[in-house]
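As written, the chains take the letters A, B, C, D, E and F, and residue 1 is the first residue of each chain.
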Amino acid sequence: MRPSGRSPDMMREIGMQPGFSAHAEGSCLVKFGQTHVLVTASVEEKLPPWMRGKGEGWVTAEYGMLPRATHTRGSREAAKGKQSGRTQEIQRLIGRSLRAVTDLKALGERQITLDCDVLQADGGTRTAAISGAWVALRLALDKIHAVTPFAVDPLPVQVAAVSCGVYEGTPVLDLDYDEDSVAHTDGNFVLTSKGSLVEVQATAEGAVFEEETLLRLLRLARIGTDAIFAAQRAATGR
Amino acid sequence: MRPSGRSPDMMREIGMQPGFSAHAEGSCLVKFGQTHVLVTASVEEKLPPWMRGKGEGWVTAEYGMLPRATHTRGSREAAKGKQSGRTQEIQRLIGRSLRAVTDLKALGERQITLDCDVLQADGGTRTAAISGAWVALRLALDKIHAVTPFAVDPLPVQVAAVSCGVYEGTPVLDLDYDEDSVAHTDGNFVLTSKGSLVEVQATAEGAVFEEETLLRLLRLARIGTDAIFAAQRAATGR
Amino acid sequence: MRPSGRSPDMMREIGMQPGFSAHAEGSCLVKFGQTHVLVTASVEEKLPPWMRGKGEGWVTAEYGMLPRATHTRGSREAAKGKQSGRTQEIQRLIGRSLRAVTDLKALGERQITLDCDVLQADGGTRTAAISGAWVALRLALDKIHAVTPFAVDPLPVQVAAVSCGVYEGTPVLDLDYDEDSVAHTDGNFVLTSKGSLVEVQATAEGAVFEEETLLRLLRLARIGTDAIFAAQRAATGR
Amino acid sequence: MRPSGRSPDMMREIGMQPGFSAHAEGSCLVKFGQTHVLVTASVEEKLPPWMRGKGEGWVTAEYGMLPRATHTRGSREAAKGKQSGRTQEIQRLIGRSLRAVTDLKALGERQITLDCDVLQADGGTRTAAISGAWVALRLALDKIHAVTPFAVDPLPVQVAAVSCGVYEGTPVLDLDYDEDSVAHTDGNFVLTSKGSLVEVQATAEGAVFEEETLLRLLRLARIGTDAIFAAQRAATGR
Amino acid sequence: MRPSGRSPDMMREIGMQPGFSAHAEGSCLVKFGQTHVLVTASVEEKLPPWMRGKGEGWVTAEYGMLPRATHTRGSREAAKGKQSGRTQEIQRLIGRSLRAVTDLKALGERQITLDCDVLQADGGTRTAAISGAWVALRLALDKIHAVTPFAVDPLPVQVAAVSCGVYEGTPVLDLDYDEDSVAHTDGNFVLTSKGSLVEVQATAEGAVFEEETLLRLLRLARIGTDAIFAAQRAATGR
Amino acid sequence: MRPSGRSPDMMREIGMQPGFSAHAEGSCLVKFGQTHVLVTASVEEKLPPWMRGKGEGWVTAEYGMLPRATHTRGSREAAKGKQSGRTQEIQRLIGRSLRAVTDLKALGERQITLDCDVLQADGGTRTAAISGAWVALRLALDKIHAVTPFAVDPLPVQVAAVSCGVYEGTPVLDLDYDEDSVAHTDGNFVLTSKGSLVEVQATAEGAVFEEETLLRLLRLARIGTDAIFAAQRAATGR
């Protein structure tokens, strides 16, 4: 039995509140149960120097966690003077995942930055961030499109992510903190709404795992991302 | 006429949502109009080394702003690797203001950290932070008190803050961004619910000011903080 | 009775030694009793990128303290790898105070940096720095003027600063270290030679204060700055 | 056809030179073709504070690349003052992979640090590092064992890693730089000598991929790691 | 002819003002012509952890230069966030030089920090710093001795330093900035009052030099340090 | 008797393996006994901004040590976030030494960076680095020359370096770690193949030294560098 009482293939309640932020071109407060991440999409009509003149745009991401998003307070990265390896790993993953479904040529010479800030954490912050980032990006593109229409939609498919892992011997979907902190195998799966894979990261935590387990986790991830894709469509009116 | 249509001595709508954060001992999402600050109070039963053994506690604050809290995206301090002078100035002010109304002996040997993170900015973020921090601190103390009662309440009075300034020649209360960005004189006033002063900071921005102006701004601040005190009481059930 | 035997409204001896530094365009070793600050004004005929092309100049300040300026040695900020929040707060205040009395258009497209380095500290280093910075700036402008005359004097009024506070229940002028370290209320007042206010910062240190106290401190500050203005004029031959 | 002329399931020549470093308790210069990584294992009979008193040891890793290990010179991380996100991601992966096959209880209260420094890079530096780190760790444990025998071998199985990816539409084993820089899908697979999985990381680079591709890459990885396991045994005399 | 009109073996005017700083246990404002360095000696009755329990003391040095000590303003190291390689090289040299003549056992378990801050620079700042540091250290030891007498004087000989170099083909003593900036060979010589060598650093700047030149520069250094030793004795009443 | 059994004027075995690195324009693995340094020369046809437009090139050096190059593991400078004073001192020395024998005008507007990374340390790493850097630089210049011939050879003479010191009262050549860690006087000598001096650094470690000692050490250095010059010629086919 999972601590939350969920069945192994059950997602937590998904919340997607579009337009949470007044200033950003696109934004979404995404909730996977008690995990709450605020994602904003900021459009700049200027590219970093190394991207200019290629007729392409860029999508990048930054990630942060409020010090008391967690059960016990963590130190503030700005005060420590550097981002942890974990933070950098996550923001690189988010950026890569969104770029995998973005047509950078169709986007044109502009940069969109996806800021993912965890207001409250209960496991799965990076997968919630990716899933919410798609909504924020979609809204920002719609806003650009309303003024200067794209010839080709730069974001033709959806992307979403979910974590799966082995909790007390059973593969389960969408780990919360109580499960995540004791899971022996832990994976993050990023998929498109067409069923293709964008990123698979499965890690043994203290015990190795078998190929069958990897495949089972991937099956669960397909169930979870289908639910997220529906929530994304609802939030963006697609 | 103020851009918002408010009269010179009119506050923006004040919102105080207690318990916004699930994990923190105390928390408050404070809103001064479109300025939204999430404050959490984290209790640690351990003091920094230099405070130990004095039979006293400590209250400190940290401040941050999400990159897209503002009209245009600012860079992330954690990514830049240091907190700006402005950030440090503000978090020192918040900590000082709350300590001024806290009885550190009554608090006992524990530290409370007030994290003030600006989710959305429209002027007055530091004064909103101070005002919301009182609520978060009050709730955290109440939570401690429920388990291990204080002999003496460590927080016998309220503290609140508001900015006032001279907009187009007229002293006005609670500057929003449109006013703040062009104000010639700008002041932050921190007051107690007994009418005493905790901190006065008045600054000439491009033009000097007279003593009468300072006094007029202080009068407005009293009007504003009275409204904030009422909202604080409502939020904490006092 | 004050530790120094001064009456409540008595400044420490003011010293202003212009031209202390051989290389700087303007310089002043300013002394408020045992507080000694070396201020140099460095003129650069080049502006920071964000200031260019506006037909205006810029005045900025940096502040530092030699490690053994104080009773016990403090660590060197260059060795620690960062400036403290206190240092940044002070140098922002100095820059703001000097800009408030400088006509940046009349200055033209050049930048003047005021380096304020505390050789010896006995309370009031920031106010001594502001007061000496005016002398260094005045001398640097005179030096420019001798070669390429200004159509309009960019520095038509004087600016000076002094600290005042409540020592053992009595409002006193120009706190030295013995007073400052135990004062309950502490204020820094920046005024112009025409009697206008540039900056007022009054802070409760462990006890709140009343409006009457603020006004009394301001009265004392006017007495102190009058003495400083006279010393500035003597040092610059005005 | 692959640039190197290899067939899709062919590894580059594997070199494992044990004892390359005179001082380290264990060391190995590992070569995957033109990719050369020096790994040293340093034993400290002291744990980091947060690990003490649990009756367990710790294995950790650090990763670096000489500035001119690559085709064009990269900047030195020590001179830039920070490790890149990529470096941190890699060193976390190496540490995790070796810990997954180490019995930390059997190791006892000591820490082993695996320093992986890339002398020359031609793709696959992280997988070569993991594979060589096993040799360095094995040798270091043998050295400890010769003096103070372990009751239980802390490293009962081997771990190795290899990269696989899709080059011009064909899944291939052990990407070199020419392939890696244009591959559409790129994966790193960490396996044990018993065939279990330790870590799977598959990433879409500009194009998504299907589940069948993931499985094909995993098949190739099994072929590659079998060859590496043999080389590890030869290098350690097992 | 030297720019200053000095003969090749002529020092600049040496000034040694002991007790310049009110707080430090020992201090000296040392002048070699227009080069002015403030040295303070700070005594701590506590050693850094790695020195404790050996029955010995430690002498260390830090070096800094005010931003406008030079002809054009340099950036402030505290603001840049790190000390330059030059600064570190100089402060290591100063510490080593003073330790070479200090009996660390006789000093006992205390640390003395010599802060050398250049108020004005005209060449030879590091040699002036070493020479003035001896005075500050001597005075600090005298102050300790007056309270808790040393059984053995920890500083039985003097140490001084001077720069020599080849200016327009002629070896000259005590280079000023005009000479230093064009000298082909440049050396810093640290000697004791008994004529022994503590440190010799001779460097080709754009042209190599011969052994005879090195010996000639050393002869000049002996002339210069003799004058400095006399000034040190006068300043300390020895 | 020296720990290694060498006579006082005997070098350790010198090894110079040219072309160790596949990518660098020039490279050399230099060995002085158990001290092994990998030097690469990287040519960039672009100068740092402050060097441009002078019709000259630049030669610079960086130095690093692998964490376990030494008997006990040192911390990684990239992880600590800064280069030590020692590292900076050494890399400045290497750069200066190579520039002293390079005709920067003949080199033309390009920069060559010499990366010296210590794979294994047993005393004398900086002198081995300088000696090996000449080989790497020579090879890089030969490679440039083969494509775009130099009118004048930018490197007409050789440069080499060796350490000498006083071990148990006897001046000895080429100190290894066992000697270096207890030597009372320690010197690094950089000489050209024509017998001229480039840099002399002699330091008292806990005891002063006499002029005769300096001269004796210099004699030993000439013996040592003659052997190194021969090895350099053999390695470069000169």
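In the analysis below, a contact is a pair of C-beta atoms (placed from the backbone, for glycine too) under 8 Å apart; a residue touches a chain by one contact, two chains touch by 3 or more.
Protein identities per chain, from UniProt: A, B, C, D, E, F = Ribonuclease PH.
Everything numeric here is computed off the predicted structure, so don't read it as measured data.
Asks: Treat each pair of touching chains as one step and give the shortest count from subunit D to subunit E.
Replies: When the steps are counted carefully, the minimum from subunit D to subunit E is 2.
Asks: State which chains count as neighbours of subunit B and simultaneously of subunit D.
Replies: Chains in contact with subunit B as well as subunit D: A.
Asks: Compare the CA centroid of subunit E with every other chain's and tell me the farthest one.
Replies: Measuring from the centre of subunit E, the most distant chain centre belongs to A.
Asks: If you average the CA atoms of subunit C and of subunit D, how far apart do the two points sit, in angstrom?
Replies: Computed from C-alpha means, the inter-chain centre distance equals 59 Å.
Asks: Quick check: how many Å separate the C-alpha centres of subunit A and subunit D?
Replies: A distance of 28 Å separates the two centres.
Asks: So, what's the distance in Å between the C-alpha centres of subunit F and subunit C?
Replies: From the centre of subunit C to the centre of subunit F is 51 Å.
Asks: Could you work out how far the Cα centre of subunit D sits from that of subunit F, in whole Å?
Replies: 33
Asks: Send over the residues of subunit B in touch with two or more other chains.
Replies: 81-82 - these are the residues of subunit B that touch more than one other chain.
Asks: If you go round the ring from subunit D to subunit F and onward, which chains do you meet, in order?
Replies: In ring order, starting at subunit D and going to subunit F first, we get D, F, E, C, B, A.
Asks: Okay, in this complex, where on subunit F does subunit E touch?
Replies: Those in contact with subunit E are residues 82, 85-86, 88-89, 91-92, 96, 99-101, 187, 192, 194, 196-204, 206-211, 213-214, 218.
Asks: What does subunit A use to touch subunit B in their complex?
Replies: Subunit A residues touching subunit B: 21-24, 27, 34, 38, 40, 42, 44, 62, 64, 66-73, 76-79, 81-83, 87, 113, 115, 117, 119-120, 122.
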